[in-house]
Structures are given as structure tokens and as C-alpha cells.
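There are structures below to look over.
Both complexes shown next keep chain A, but they swap its partner, so chain B is in the first and chain C is in the second.
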Partner chain A sequence: MEGWDPNTKSTLTQIPLLTTKAGPRDGAAWTQRLKEEYKALIAYTSMNKSNDNDWFRISAANADGTRWTGKCWYIHNLLKYEFDLQFDIPVTYPSTAPEIELPQLDGKTQKMYRGGKICLTVHFKPLWAKNCPRFGIAHALCLGLAPWLAAEVPVLVDSGMVKHKDDTASASESL
Partner chain B sequence: MDEELLELQRQFEFAQQAKSSIRLSDRNVVELVQKLHDLHIIDFDLLHTVSGKEYITPEQLSLEIVKEIEKLGRVSLIDLADATGVDLYHVEKQTQRIVANDASLTLINGEVISNSYWDTVAEDINERLQECSQIALAEIAAQLQVGSELISTVLEPRIGTLVKGRLEGGQLYTPAYVSRVNAMVCGASRGITVPTNLTTVWSSLQMLLQDMDGASGVAVESSFFQTLFNSLVKDGEILGSLRAGVHWTPAVFAIAQKESVDSFFSQNSFVSYEFMHKLGIPQPIQYLQSRYPEGIPLESIFVHPSTIEMLDAAAEDAIERNSWIDSLSVLPASFASQDASRILSLCLSVHMAVKSNKALILGDSYVFSMGFVKDLFDRMEKEIEMCNLSGFSGTVRDDLHATEEAKTGKETSNSLADSNENFNVSSTNKQGFEKGSKKRKGKSAGKTGPAETGPDTQEPTIPSKSKKNQRKGKDTAAFQVLDAKSGSKKELDRTKEDNLFVSEEWLIQKIMSLFPEFDEQGMDDPETILRPLANHVRPMLLNSWKERRKVAFTDNAQRMKRVLDNLQRKIDESFLNMQLYEKALDLFEDDQSTSVILHKHLLRTTASSIVDTVLLNLDIHNKIKNGIEIEESQNPESKSLTSGERLPFAKSLPGLLSVKAVALVESLEGKSVETFLTAFRALAEESGLTLKKLDKKLERTLLHSYRKDLISQVSAEVDPVPLLPKVVSLLYIQVHNKALQAPGRAISVAVSRLKDKLDDSAYKILMDYHTATVALLALTSAATGDDEDCSSDRVLTKRVLLEGLMPELKGLQNNSSPCPVRFLLMEGFEENRRRLSTPADSVNKLY
Partner chain C sequence: MESELKEMLIDLDTIKRSLPDPSLLASIDKMQSRVEHLTDLAKSAPVRRSKVKDMSAEVVDSNPYSRLMALQRMGIVANYERIREFSVAIVGIGGVGSVAAEMLTRCGIGRLLLYDYDKVELANMNRLFFRPEQVGMTKTDAAVQTLSDINPDVVLESYTMNITTLQGFETFMSSLKNKTFSPSKEGSGVDLVLSCVDNYEARMVVNQACNELNQTWMESGVSEDAVSGHIQLLVPGETACFACAPPLVVASGVDERTLKREGVCAASLPTTMGVVAGLLVQNTLKYLLKFGHVSPYLGYNALKDFFPTMEMKPNPQCSNTACLQRQKEYILAKPARDAAAAKAKKDEVSVPEGPVHDDNEWNISVVDDAEPVTENASSSDTLPDGLVHELPIADEFQKPSDPEEMTNSVDDLDELRKQLEALNAD
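Let's turn to the complex of A and B:
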């Protein structure tokens, strides 16, 4: 677990672990799993809110709960930068972690695969594999997306790749 | 759709919708404070802690720091930074300000230390010091984790007040301890009586202290001892002198040293350096010279001038008494020979004597007066002379040769003694020598003189002679003739022999026997002096010896020459006569018996006298040559030798000469003059004599003189018997011009041969006379004591008759030609007749 900043670590430990090992094709087991996913997400969200650290909104985009969409944001220099968020549950889930996509930032940074899939740290995969059935979506967000945002957004902003919406608005206005 | 799932979906939605609680995070607070700063609401410096969670004002920080310092009195900056939680930079800045404002604080090596801390430390140290009586600063420094230098600077002002003790070379000592060690040093130093290297003393003291303190005892620096010692010396507690900081010479030692040297020198008036070394004075000469400027340094000894005076007196005395002195015997026993020679060179009188050639220094310590040496030399010379008398004889040489061959060192002296002994038998005889000589004789076999009897007594020289000649590679003819030429070479040979003859060992032996005091001196090795003495005398002896030899040699050469000349002269004469006589023998070639008789006669008479002369002269020559003294009075002519005597003479001659001589002697016994002549010629050739050939002129003069001689003889002759052969010879000269030497037996033949050459009357007279003579001789030989009267009468009458005939016979030869002879003979005959007629008268006349 080294390599993670202490905040992430403490947060991660507070997210309830999952028990059911089931993929989207496992029927009832997947439903069970989905329930656990929700519980974990609820716990994580409430935890974030109580820490005044709310940073995302997601919801299932289909009934099966294999596709999720939402928004995430990051505050840099007292400005809020918000991005769209989407990912699919792979069929081999939970052995394979979901690939989180930020389509708006596609092509703007090197730390990203084609299609806006973020590149996770080298620590993520082994940690995920080690905690195979117990980590869920909440963990993936906490371990994957949150550090990525913290690392990449200031860079993107400073380099001017990403502009605050107010700026763009003012720019468009001025145009 | 599962109810539960839906419910959960809703819950999640709700949870996401729920308003998040507003919290002022750290970040917000920081931002706020920053905003306040920007707005100048907070117008003073604010520091934040390392954790970033706290803000602190500098005043508070300095307060906290002071509090922290006051706790222990000593705090390191790092500890302060930790304790206050403020960055080290700010802590440092703040601390520097505090230290600058407070004189009692110091900032050393990142540590703030107050004076009170040092006071407590000093008190601690004092406590410990009183317990242990000594502490090393290094130990304290290590304990306090500060530099020992710092400790010492801090402790120095406190020593004597807070710390009751003494700081010495990085060690702290209590006064009690110091005084104890001081006492030890004092005791040890006072105990030292000989010069000592102090470091060894200190190390032993250190050992002692360690033993006393046990294992915990701290090593005491030797410098501590040294400072204590120095103060002791300064205070005069201990006496002595210190050299190079570590070499301590106690005063008591120096005094004792001085006193012992003083006493020894004053008692003995000399001091040996060895003695000084024993006393521990490393440079005795300088020491002594500075102390006794009048003294004289020698090789191994330092002497007072009085010693020299004493020696000088003794040596002077010895020189004056024409004696000798061993300076070592006068000087104390500790004098070495080098010292003796040194001191002798300082003796004024000896110096003068040596300079004026009155004395001689030999073998370092021996002083000989010239008188003594001269005396020795004379006596040795005499000694040598004694050997010389016989030394020239061949046997000495033999011995020498034998010695050379033997070449064994020990035997050399023996054989030399032999040479003396053999020929000075009358002089000192020693058993050992005799034995040696016998041995020698045995060695040179056939040379034994007295052992072999008979005619061989003189023979032993011969073989060795020849050997020697061979050795010299010279032929014997040259040996005698070329004396002068070969002289130099021989001289070389002789010097070699001389050297051997007067060898060192021999000289030493001789000196020993001549001056027994050398032996009596009780010298362990008399050789030490005798050898140099012998060496000194030997060249002189050899010189004198050589000179004598040279004189003798020239003398001998002259004499040899004289002898040879003499011989030559004699031989010339007699050999010519011999040749002359030999010619006459031709007349009797036809008559065998007479010829033999004549030959024998000639050989026995003339030839043997020649041979005798030659042999005797050659012998003398030989002897002179070999250096044997011959009495000048000895006259070789007076001697006539028997055949038995001749042979040894002949054999005694050297080499080939002897062979020839022996042949000659043998030819004498033969029957032929010719063989004798050839043998004689050979000998003459060998001995370098020249033989004159008889030529016509010479023959004539010789004959003439012979004739004259005969005539005078005949006219002077009164005895009738010998007259006849002379007359016959004279007649032969007149008739045949040949000189005949005929014995009595051959006279008749000779007379009969004259028959047809002479007148009848003359012949008759001759015959008559002859018969009368024969009768007379017969009568004389037949005459015995018994019938004296008649026979003597008859002899008398015959003699008278013969005497009467004598004038006639004498008359015969007075005429060179036959006619006058006859005439005269007639006259004489008549006269004779007349005289014969009066026998009584003639008888009366006779008696």
C-alpha cells in the first residue's frame, strides 16, 4: 500500500469491502454484487461529504449496472474543474478492474489511453489483483481516479490544456 | 429488478444529493491566515511549525528556547528544533539572538551551554577526582561529548576553586596524588647513583603506580614525571646535571667519578681510557685534557709527564751503558706497546739519541743503544766468521743444498746448525744437533765423511760438486777459466745461500745464546723483540758477509791466477823438456826392450814430476776457488807424490777435470809416453792450461840450453857415477841433436849406440868408464858390513879409477865435432894415465 498518500490510504480503509465474487454475467450473484457495490459507494460518498471532500457524481446508465456515467471535479487554485466520467463493467469483473474514462480530456495528456481511459499508477493493478473480490467501484474511484485527478489537473491547467469554464465563457463572450 | 437494489440505488442517489457538510479544512485556514496577512490585519511575523499545523510567534519561540536551555543548561540546536517543532533555521536564528543577549550562554558546536552547566560539570569532576585522585581529560571529554580542548579551557579557570586538583598534561590530579608522585620521583631520582636515561626511570615508576592503583590505575604521562623532576631539580631537592633533557647524571656520581679519576691519576700518574670507560666517561681524552692540561694522551692511556721523565731517565741510562731496555718493563703493566712507542717518541733523550744515531727503537717498546747493537753485530759477525772458515768447503754447500731440497722450516735451523757443527766440531756440540747432522748425513748418502774410510775420505764433495755444476748449467771447462765471467752469476747464487745461511731464525737463536738475558727477562715471547732485532742486524751482517766474500773472492781470484800462472810457467818448461826427451826416444824405436825402459824412465821421472806439479797446483787452485784458506808458505814444488797419493788428488778435482786427471795418473803407470802426452793434453785443455808445441827453433834453443846445462853439470860433477849418464846425454845431443834421458839400465845400450858415431878412442873411453861404473855400482851394491875392509877397498880403488877417468869423460863432451873431441880426449887420457899411476897420491888427495 506504500506509494499512496496517507489521505488516500485512510480513506480506502474506511470503504466497506465487498464479498461476492461475481461478474455481470453471473445473474443473481451479480445482483448481489451490485448491491454490495452500492453499499460501498454510499459509504464512500457519505464519507467524502462528511469530510467536505465530495468530488464525483455517478449513476448506473443501464439496468444491469454494467455501464456507469457521471461527473467528477477537482479544485485547483480555488477554481473548480469538472469533467465527464464514464466506464463499463468488464465481463471478467471483478478480476479485471473497470477502465475509467474521461472523454473530455482525450488527447490532452500523455497519461491516458486512446478513448480517454486514464493510465493508472503501477501500484493499482497488483493491489487490485491482490484484493480481487473485495474491491469494488468505490475502491477503483478512490485508488484510481482521485490520485489521477490530483496529479494531472494542476499540470493540465498550468500548461493551459484545460481552461476553467468561466475563462472559456469569458473568452467566448469576448469573441 | 430487485427491490433491494432499487432501494440502494435510491439511497445512493440520496447520498449523492445530500448537502455535504461545510468544513474549514487546514488548507482553508492556511489560506485564511494568508489572506489576513495580505490584508495586514496580522502585522507581525508568524512562524509555523514543521507539521504545518501550528503558528508561532518568534517571541514565544525564544521563550520556549530559553525555557528549554534552563532545564539542563545545555541543549543542542537540533534538540531545540525538535522540542519546539519549529524549523531549525528559525531556531538557530532565535538562539543566536538569545546567546548574544545572555553572556552566561555560549553556542558551541551547535550546542547552547550555560555557565551553570559547566559549574555543575566541574563539581561532578571534582567529586570524581576526589574519589579517583586522577582523571584524564580525554575521559571527561568523551563522557561529556565535547572536545578535550574545550574541557581544558573550561576547567582551567575552575581549577583550584571548584575543582580541587591540578591539571597536568591532559590529566587531572589531586594535590595529594601529585605530592605522592612527586615524592616518588624525588625518591627515585635520589636513588640514582649512576648516569641514567630518565625515560627508563619514568617507565619503571609508571609500572609501580599501575601496580599500586591496580588495573584501574590510569597511566601517568612521563611528561608529568618530567615536570615534577624539573621542579625538583630547580628547587635543588636533587643534585645533578641533565643533558639533552633525559640524561641525568647525579652529582654524587660526577663527584665519585672525579674523585676516582683524581685518586687514580695522582697515585699512578696514568689513567687508562679503559678505566675511564668503566667509570662511564665516554670521551676520556677530552675529559682528561680539560682536567689535567699537563698530561699527555697516548693511544690507550693518559699519562703524567713524570712517567715520561722516568722512562726517559731509564732509557738514557740504558743508552749510556750501551745496553738495551724494554720500556714496557719500566712502564706500568697497563701500557700497551703502541703506548710505549708513543711515549718513547716523547722521551727527549731517546729522541735525541735516535736522532744522533746513538739509539735504536725496535718493536715499539724496545730501546737499544747503538753500542749494544754494534756489540751484537760484532759478535754475530764473529759467529758467522766461525762458520765461514769452514763455510766455504763443499760440504757446507752440500748441506745447504740438502737444506734447500728438504725445505722444511724446522730443519732449516737444524741444518744450519749442522753446518756449523760439522766443521766447528771443536766448538759447541749439542746432542740434538749431532742427531740432526747424522740425519742429514744419512740423507745425502755417500757424503759421509768420517764414516767411509780410506782414500774416499775426500770424495764426498765430488758428486755434489758435479751436481751443483749441473745445476748451474755450466760446463766444467768454463768453470775454471771463466771465473770472472761467471762471477756475477755465482755471486747471485751465493747471496741466495747467504740469505739462507744467516736466516732470521738462526740469528734469533744466536742472539738468544749470546745474550741469555733476553730469555731471562721472563718475556712470554722473546721473539717479539728478537725478531725485529734480528731483522735490524741481519742486513748489516749480510752486507759485511757479502763484502768479505767479495774481498775473499777477488783475493782468491788473484791467487788463483797466480797459481795458474805459476803452473803454466812450470808446465811450459817441463812439458817442452818432456817433448824434447820424448823425441830422443825415437832413436830406440827399433830396440823394444830399451825403448820400454826408456819410456818408463821418462814417465817416472819427468812426467811424474809434471803431473805432480799440475795436480798439486790444480788442487790448490780448486781449494782457493772454494774459499778454503791455504797457507801461503805451502810450496807445491817441494812435494813429490807417490802414485797412491796422486789418485785422491786427481779425484778431488772438480768434475770432468777429475776424470781427466785420473786418466793422466793412470797413464803414468803405463809404458807409453804418447798415451801420457795425450792424457796430459786433455787435462791441460780441461783445466785451461796452454801447452806449447815444440817447434824447430824452440827445440834448438832448448837443446842448446840443455846442452849448456849439461856441460856445466858435467864440469861441475865430482861424483863419477852420475857423471856417466850426463855425459851420455850430452853426447847424444852432440851426435843426434836429441835430448836423451836414459836410466842406468839403458846406458849401456845408449853407449853402444854411440859406437859408430864416435871415434874409437872416445868410444873406448866411454865404454871403459861405463864398465868401471857398472863394476863400481855392482861392488857398492854387493858391499856389506862384514867384509868391509876388502870390498870397501875395492870400491875405493874403483872409485879412484873412475875419478881418474872423469876428466876424460868430461873432455868427451867438450868437443862439438868428432875430431876435436878425439884430440882432447887423447890429451885428457894421458893426463888420466898419469894420475892413475900415482894412486896413493890421488887417494891421499881424496881423503
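Let's turn to the complex of A and C:
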């Protein structure tokens, strides 16, 4: 974990760790895992809110909790950039991490696989593997998506690939 | 197409006759000659060969299998025609998978099952097999198009889906179990699974499926920098599974800034991919047709032309429960295996045993170098006196941890879901 900023580190230590090693094909054990996922997400979301660092919304898109959708945003130069967020829980979860997708950014950056899957190979996958099964969705967002947004959004905005929604709106108004 | 062109010629003729202005005649003649030219081209268009009922060893230009059947005459393969009974599943129709599929198709394999969810892109054109006009097609469809032209005898099944999703995995499993092609076959419906995918997640999925089905498979891979690759044979319970020896996980000082320096786009070369596909299919043919030595692992280092080989035993602490189950079965089957091996040895010509030399002036004796079988198999846990493990053993966390860790005592899924929704609401 050396190299991570102290903020991320202290946040991480406050997200509850998970204990059940179970994937979506494991029946009752998966329900138990799902409960732990929810507890971690609830703790992380409320922590973000109380620290004035709220940056995502996520909820299960189906009853089994195998697909998740939501939104995430990043503030750059005092402007808020918001993106759709989605991922599936892989069959081999939690041995393999979920592949977080930002479909609106598909094709706009090199740091992304087809379909808008963000690249997590270097900064996140090794951590996930070492901490299996203690890390869950909340950890994936904290250690996978958050640093990706912090690194990529400024580049995307500065290069003009991503425009702020007010910019595009005012541009069309002025026409 | 030919009939359309014929109609067009007749139409042109009618126009020519009813034309009042003779100045346009020349251009209509030109058009007619062009259509005739097109008709000729259409006639010479490639014809698909018809299916062949039996593989013949007859050496004639029109026999697609003469050179393959010659393997029997050369004493390499005992019965080449058996290849038509085999089913091979190829997961990932990319740089390696597509070439492997073409090789097996040209070898006259019985049935190929192809899995991929991607589409053909122009960025794939530095590799073999796919053609620029197939850009935009799914890789499975494009592969079926080309392969069925090359050899219509091969039964092709294509599955356009992502096997790492729950739904995709179920379809993957049931397609492997389907035995309609050869109902008498033991085990699953396929003889071998070839993993030609480009990521860890998909490999873990193939590993999971094959461990559960007790299905032998082969792994293949090409490094990101395109100058090395490997193939590996995985027999559940007998050799290491993909989860037995996880890839080197090194979390070394990665910070956010390194993200920018790393590009996702990996390098690839048609040469390395072709070499690895060749090694993979060679091993496949040896395994299926029972000739030569089937490599348990074969690496390829392109920079030094170095081909390391090794064998890996399964990890008794593997994190995959299906793998542990297969390991148990394999150990239980050992007496039967030994008996079969002993019988096979007996059937061979028994060499009269006796001293090779009559005198032994220096009292030299041959000592068995096989490791003595120790009764306590869990020897890896016990350390000699004076040594202690520095790190906790890997399974430590699986012990029920202190219940206070999850102080949030709510234990109802719906209640938890509502709590998160409430947080999401504002």
C-alpha cells in the first residue's frame, strides 16, 4: 500500500472488511456475502457524506445482486463531471474483481477496455488479489474507480474529450 | 447473381432497340460489354467444395486430406481419421484462438465450439486470420464464415457471449456438457478446451468450468510486450490448475501517477501469436491422436529463442474447491492407475533381470533416487525445530473472525438494501 495517499489509506481502513468467500453461484453463502457487501457500501457511503466527499451512487440492478448500476462524479476546476457507472459480478467473484464500466467514456481514453471497462490492471488488481476475499464492491470503488477518475477526468477535460454539461448547454443556447 | 446479370443484358438490348437517338448506341454497347465481363467474373467465382464422407489416403490433387492421412503411412499417427470424432472448444477467437481454429479446421477436426463476444476491428489486422472486410462482424460469425469455406466437413458452433457473466457461464457449461455430437463419449461433450483469452478473469472462468466438469484443457497466452508466450496442459486433479499457482501478485509502490504512464493498449505480433497458436495446436493434436510427448508446459521467449518446459503439481491449498475435489479423486484413483501401469509394463517385453557385470570391485551400488513417501502428507505445514513461519498461513482469515467486526447488527438483506437506497436518495 505504500505510494497511496494518506487520505485513501485512512478511508480504506474504515471500510468494514468482508469475511465470506462466496460468488453468485454459491446460494446461501452468496446472500451472506451480499449482506456484507451492503454493510461495507453503507459504511463507505455514510463516511463519504460525513467527510463531504460524496462521489458515487450505486445500487443492485437485479434481485440476485449480480448487476450493479449507479452514477459517479468528479470535481475538476470547481465543475462537477458525472458519469453512469455499471458492472457485473463475475462468476469467479471474489477471486476476480468486478470490471467497473463507465459506458459514456467508451472510446474516449486509452485507459479503458472495450465497452467502457476501466483499466485496473496495474493499480488495483494486485491489491484485490492479495486481499481476497476481504475486499468487496466498496473497496473496488475506493481503490479502483476513485484513483482512475482522479487520474483520467482532468486529462479528458483538458484535452476536450469530455465537456461539462453546462458548457454544451450554453453553447447550444447561444446559437 | 448470374441470372440478374443475364436479365440486365436483356434489358439493355431492349433499350438499344427502342432508342430513337443513335448517338447513345456506343455507350450502351460499352455497358453491355461490361455486363458480359461481370458475368465472366461471376462464373469464375470460387466454388465451395462439397463435404467428404470418408477421409481418403489417396494421393490426388483433389483430396483435401491426402497429406494428413500420409501421417499414418509415415508411422507418426496410428489412426488419423479418428480426428473426426473429436470436439474441441476454443474460448477467445483472437490472435491465437482464430489461428488455432483455422489449423484444427484444416486438420479436419470433427467439431469446433467457438466462444467470443468481441467484434472484428481494423486494429486486429496486424494478426492473422481476420480480413478487413469482416470489420464490424462478431469474431465468431466471421470465423464461421471463413472456416466453413475452408473445410465444410467441420461442425462449427458459435457462441457470441461473455463467459464471465453468470448467464454466459451457464450457457458455457451446458454447451460443454452437450453430448449430441458423440453420445457414447464419457465425461463431458468435448475432448479438449483451449483457452485463448487475453485476461486473468476469463482464464479463471475457464479454470472454474473445467475443474467442475473434470475437463482437460490447455491454456495459452502471449505477453503484453508480444515477445513471449506459453502453453500449458491442465488435467484437473493431476496437474496444477490455474488457481493453484496464482500469477505473481506484487503490489509494489503503485500510486495514482503511474496510471498515466501505463497504456492499456498491449502490443501484439502476428509472428508470436502464430508461433503460440502452432505450439498449442501441435500439443492438441499430440494429445488427441496420441503421438509423441504432450508437453505439460512449454514457454516461448522470442528474444532469446528459449523454450523452457516444466511440470507443476496441484497445490493442496488451492483456493478453488472444485480443484481440491479433483485432487482427492486423483489420489483415490492411484492404486488403479498403478495397477494399470504395472500391467502395461508387464505386457511389454520383459527384459531378463540380472547383474550386468559379474564382479563389483569398487562395491558400487545403485540407490533409488525417488523421494521416500512420507505418511504425513501435510509436511509443508511442519517446520524443522528452530524455524517459525514469519507470515500467517494463507487460510488464517477463513477462521470465523470476531463477530464484533460487523457491529452493524442488521442482518436482513432487504433492510440493508433500503438503508443503502436511503443513503442514495439524498
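FYI, the second predicted complex is superposed on the first by the 172 of 175 C-alpha atoms of A that agree within 3 Å, B and C clash if a C-alpha of one lies under 4 Å from a C-alpha of the other, contacts with A are read in each partner's own complex, and residues count from 1 in each chain.
Going forward, a residue touches a chain if its C-beta (ideal position, glycine included) is under 8 Å from a C-beta of that chain, and two chains touch if they have at least 3 such contacts.
The model shown is predicted, which means the values in this text are computed figures rather than measured ones.
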Next item on the list: Overlay done on chain A, so just call it for chain B and chain C: clash or fit.
Entry: clash
Item checked: First (chain B), second (chain C), both or neither touched by A:Cys72 -> neither
Next item on the list: Mind telling me which of the two, chain B or chain C, contacts the most residues of chain A?
Entry: C
Next item on the list: State whether A:Ser50 touches chain B only (first), chain C only (second), both chains, or neither.
Entry: first
Checklist line | Which superposed partner A:Leu41 touches (first chain B, second chain C, both, neither) | finding: both
Notebook entry, point to check: So, A:Gln110: does it touch chain B (first), chain C (second), both, or neither?
Noted result: second
Check: Of the partners chain B and chain C, which touch A:Ala22 in the superposed model: first, second, both, neither?
Finding: neither
Checklist line | First, second, both or neither for A:Leu149, with chain B first and chain C second | finding: neither
Notebook entry, point to check: After superposition on the shared chain, which partner residues are touched by A:Val122: those of chain B (first), chain C (second), both, or neither?
Noted result: second
Notebook entry, point to check: With the two structures fitted on A, what stretch of chain B runs into chain C, 1-9, 451-459 or 775-783?
Noted result: 1-9
Next item on the list: Once the two structures are superposed, pull the chain A residues common to the chain B and chain C interfaces.
Entry: 31, 34-35, 38-39, 41-42, 45-46, 49, 57-60
Notebook entry, point to check: Can you name the residues of chain A that touch chain C in the complex?
Noted result: 1-5, 16-17, 19, 21, 24-25, 31, 34-36, 38-39, 41-43, 45-46, 49, 57-60, 64, 66, 70, 88-92, 95-97, 99, 110-114, 119, 121-123, 125-127, 129-130, 132-134, 147-148, 150-152, 155
Notebook entry, point to check: In their complex, what parts of chain A are in touch with chain B?
Noted result: 31, 34-35, 38-39, 41-42, 45-46, 48-52, 54, 57-60, 63
Note to self: With touch defined as at the start, can you tell me which chain B residues reach chain A in the complex?
What the structure shows: 1-2, 4-5, 8-9, 11-13, 15-16, 18-23, 25
Next item on the list: Mind listing the chain C positions that touch chain A in their complex?
Entry: 118, 163-166, 169, 200-201, 204-205, 208, 243, 246, 249-251, 253-260, 262-265, 319-320, 397-398, 400-401, 405-406, 408, 410-411, 413, 416-417, 419-421, 423-424
